[in-house]
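What follows is a set of structures for review.
In what comes next, subunit A is part of two complexes: it sits with subunit B in the first one and with subunit C in the second one.
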Partner chain A sequence: MGDIHEVPRPRIGAGQLAQHIGKPVCFVGRVEKIHPTGKLFVLSDGVGRNTTVELSEPLDEEISGIIEVVGRVTNQATIMCVSYVQFREDKSPFDLELYNEALKIIHEFPEYFPFG
Partner chain B sequence: VSYVSFPFVFQAIMQGENVTKPVLQVVNTRAIATGTGPPRYRVLMSDGVNTLSSFMLATQLNPLVEQERLSARCICQVNRFIVNSLKDGRRVVILMDLNVLQTADEVGGLIGNPQPYNEGEWQQRPAAPAANPAPSKPQQQNGSLAAAGPAAPKYHAPSNQFGKASAPSAVKTPGGSQAKVVPIASLNPYQSKWTICARVTQKGQIRTWSNSRGEGKLFSIELVDESGEIRATAFNDQADKFFPLIELNKVYYFTKGNLKTANKQYTAVKNDYEITFTSETSVVPCDDAQHLPSVQFDFVSISDLENTPKDSIVDVIGICKSYEDVTKITVKANNREVSKRNVHLMDTSGKLVTATLWGNEAEQFDGSRQPVIAIKGARVSDFGGRSLSVLSSSTVIINPDSPEAFKLRGWYEFDSEGQLLECTSISDVRGGPAAGANTNWKTLFEAKSENLGQGDKADYFSCVGTIVHMRKENCMYQACPSQDCNKKVIDQQNGLYRCEKCDREFPNFKYRLMLLVTIADCLEYQWVTCFQESAEFILGQSAAFLGELKEKNEQAFEEVFQNANFNTYEFRIRVKLETYNDESRIKATAMDVKPVNYREYSKRLIANIRRNAQLG
Partner chain C sequence: GGYLQSPGGFASPSGAQAEKRQRIRSQNIVPCTVSQLLAAELVDEVFRICDLEIPQVTVVGIVRHAEKAPTNILYKVDDMTAAPMDVRQWVDTDEAGSENVVIPPGTYVKVAGHLRSFQNKKSLVAFKIMPLENMNEFTTHILETVNAHMILRKNLMSASGAPPFSSTVVRDTGGYGGGGSLLVNGLTAHQSQVLNLIKSCPVPEGMSLQELKLQLHSMSMSTIKQAVEFLSSEGHIYSTVDDDHYKSTDAE
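For the complex of A and B:
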């Protein structure tokens, strides 16, 4: 799985997990809950859908707000996280709904937004 | 055909009982001159048994008399009336609305032999409604003098005609004494003791004046109850006392004030009179006022404003898509500083209009979270096409509690069109300097292909561009150190610098930037001249500091430019065809450079993509 950063990892929304099972993806969402074990957390996409993200090692820090996860989609349509980045929202808030709009477009026009 | 007369109806009316639409015969009408206003008509009415002269026609019904529809002997049905008590205890019935059922010609003559009604005489009232014997002069008539409405001519229990406003009701004033509440429509200058219960539908700002006769302050409000509306003004001490107490849209009991003929020039309120508060006026909040009508707006869609003549007064409602900072300008006329702020409103028509707020309203305005703003009584100006100016008599409500506001908010938040709509501003026809985020966005390719700047006037547009090159050499010049003069000075080589424009020599100068920058976007590039403010923003250093660096530390100077390169900003650009030595060239100048607002930029891109996709 270490090679996940060498391959294309399309940005997807919660509705597209099923089509990407087994594939590397990039997923952005807002942290809703963190499991007490620290090995699981739930992200919402701002329009009412939740996605579960699993980790091989428990979290070693508090996460909150908007997170971008790179990982592989499991058979259960969760994401096995390889790496994540917390978005900084101190300067300006991240518009998750606008992001979802943009996601729709990049998938509607793959000829202009090819992945790899 | 016999008719059923309706005795005791006058008694019922005078005693404040609700009588359902009595049908009466007009015996006579008489005009009473009122000096400056329209005449008032006094009517002598008959109910078949008695005559009573205590009827006054509301002025809006004057045309009925003037067109001779309401004339002696006609039969009319009174739909709405108000009983007003005069100081001496007499009562006057104001006729607010009536229908002429049969004109005088059709009726022919006076029905019955009515005798003057004497209020003092209390007549025996039968328990059941009276179906009287035929009158002494039976006549063939097409109609009959009977109460309209339900078939049985009865006194009804209080009907819904007025709700509470018709019969005088008692209200406890703070002093503990009971005062009768009268309808606004009955107010006249001949009564000084009155109480009305009304909602404040408009509240103006405090205005001050100062002239040879002295100075003072005032504010005006508009009041509404079920019978009508009226304007009220408080001056000086009363202005100070009541301005903080009286709130827009709330209901109060107003007691005692001066009534005078209204100055129709200053208001569109439909009332012949207006109120002036005096030292005896009292204003008490009223809790039980759900039945009173609330602020009436008559909204014009923003796109319709383009066809509205300038100086019209309109009501508008829109989402505040963006707003500018408050600025202070000096009014030349009286050398006073006044605050002003431009806010940009958008509605479902997709058009955007700039509204200017003044004074306190400008200072205290909070446009965060894109509130819905309703403005009542804004003036349309032709600045930049069409803009709105908020007057002291206007009312601005942020996030009003009204169906239009909810509809707008719903459209804006949930209808994807709302947020992504590429709105065009009707206030920005020529695109002035550094406007809000909603002026015309172009790509550099579009600006060139549309030949912007080639007309006789300059064109303005906004774009998102990346700096790809800057000319370091000659990016600064030595300028006149005077405050408002930026002319290049001539080095006299003797330690002095001469400014031709000021016609003076100075021992020093100030550095000013004039930076030629190449910006590029996905399709095109453009040379743009950036002056002081824009250049300092791009380079991240002041001109003075850069001047020093250039002289003392070349390497640091170079680094400033390297760091500034390949940054992306929003540019507001002015393009104009300039002729120099027989050569005409388009010159582009950066009026303003700002960090990219990525949210807005994304929205524009998404809207453009969707639009282009639809065009196939």
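For the complex of A and C:
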């Protein structure tokens, strides 16, 4: 899976991409659309902001629902994806808005939820 | 990176005080991040994150690796705050069957266990490791971690001039899907202070937001309003003559 999983990957929202250019991050969002080439997909944060995720190899499966991406932020404020997982929602839907609120808390109190 | 900033103006607790506060801690289970566990120091045979004892911890993360050995299963669990942590689950060799099912990589899990350090490398010995069935538990863990560390550290740091809380007994509360977490009365420090003031008000129309602000100099009006909203939705207080006046539902 590569080095990126051995370092801290701050959880960020769409509004923080600009501050993390070039850095490893972890991003969670809902799949809005997938490019026909399978090398690009768009995630929404549930409160109206979209983020583009790029892949070095095309997707080899259908993805939908909530995806958690680990990758690096590009100069264009997209995310170059290194790995992703799909959150299970078979028993309960994932509350993406609550997650966004949790992100605000983590960023307000980094001393109680440190990355690194 | 720095895991700990000492809040300005507070002295470290003296040995005797710290010991007294720590007396009841051994029953606690503290939600943590892997980064916090890596930063913990072994002092007198107990792990501490900045004086806060962490005898038992929970972490939530994704299994990156799973390896089965005759007597144990070794997982690497990743919560994005640092490199994946080794989590060892001892296997009951007398009992065949479901206890020994290996959780596959790519699964989000909640781990409860004890921190260990061997040759300067930290790991967890898990007494419980459960795949998350509801991913909202993952979000809850984030919130519980911030909450627990904030309250516990504030309790440790509080000098004699601190406002009185109605109780500082820590208890296990049921989490989103089982598994305890650490809260003081189930309320944050701000909420406790607001509630205690409202409880102490004898007049029929209760305490107004303005009076609360007067008494709680260090709290902003928006923080007070948030606390009032929470306490009201939880049923601790109710509004009286208008939305600015509140009384406690507890007869005191």
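To be clear about the criterion, the second predicted complex is superposed on the first by the 115 of 116 C-alpha atoms of A that agree within 3 Å, B and C clash if a C-alpha of one lies under 4 Å from a C-alpha of the other, contacts with A are read in each partner's own complex, and residues count from 1 in each chain.
Basically, a contact is a pair of C-beta atoms (placed from the backbone, for glycine too) under 8 Å apart; a residue touches a chain by one contact, two chains touch by 3 or more.
Keep in mind it's a predicted model, so treat the numbers as computed, not measured.
Engineer: With both complexes overlaid on chain A, does A:S92 touch subunit B (first), subunit C (second), both or neither?
Structural biologist: Both partners, subunit B and subunit C.
Engineer: Of subunit B and subunit C, which one touches more residues of subunit A?
Structural biologist: Tallying touched residues of subunit A, the top partner is C.
Engineer: Could you tell me if A:R11 is touching subunit B, subunit C, both of them or neither one (first, second, both, neither)?
Structural biologist: second
Engineer: Just to be sure I read the superposition right, which of the two partners does A:C26 touch: subunit B = first, subunit C = second, or both, or neither?
Structural biologist: After superposing on A, A:C26 lies in contact with subunit C but is clear of subunit B.
Engineer: Check the residue A:I106 against both partner chains and state whether it touches subunit B (first), subunit C (second), both, or neither.
Structural biologist: second
Engineer: Can you list the residues of subunit A that meet both subunit B and subunit C?
Structural biologist: 92, 95, 98, 102, 105, 109
Engineer: Within the complex, which stretch of subunit A touches subunit B?
Structural biologist: 92, 95, 98, 101-102, 105, 108-109
Engineer: Show which residues of subunit C lie in contact with subunit A when the two form their complex.
Structural biologist: Those in contact with subunit A are residues 1-5, 33, 35-36, 39, 62, 64, 78, 80-84, 106, 108, 132-136, 139, 142-143, 145-146, 149-150, 153.
Engineer: Would you tell me which residues of subunit B are touching subunit A in their complex?
Structural biologist: So the residues of subunit B in touch with subunit A come to 416, 420, 598-599, 602-603, 606, 609-610, 613.
Engineer: Could you pull out which subunit A residues touch subunit C in their complex?
Structural biologist: Touching subunit C from subunit A are residues 1, 5-11, 26, 66, 70, 85, 87-89, 91-92, 94-95, 98-99, 102, 105-106, 109, 111-116.
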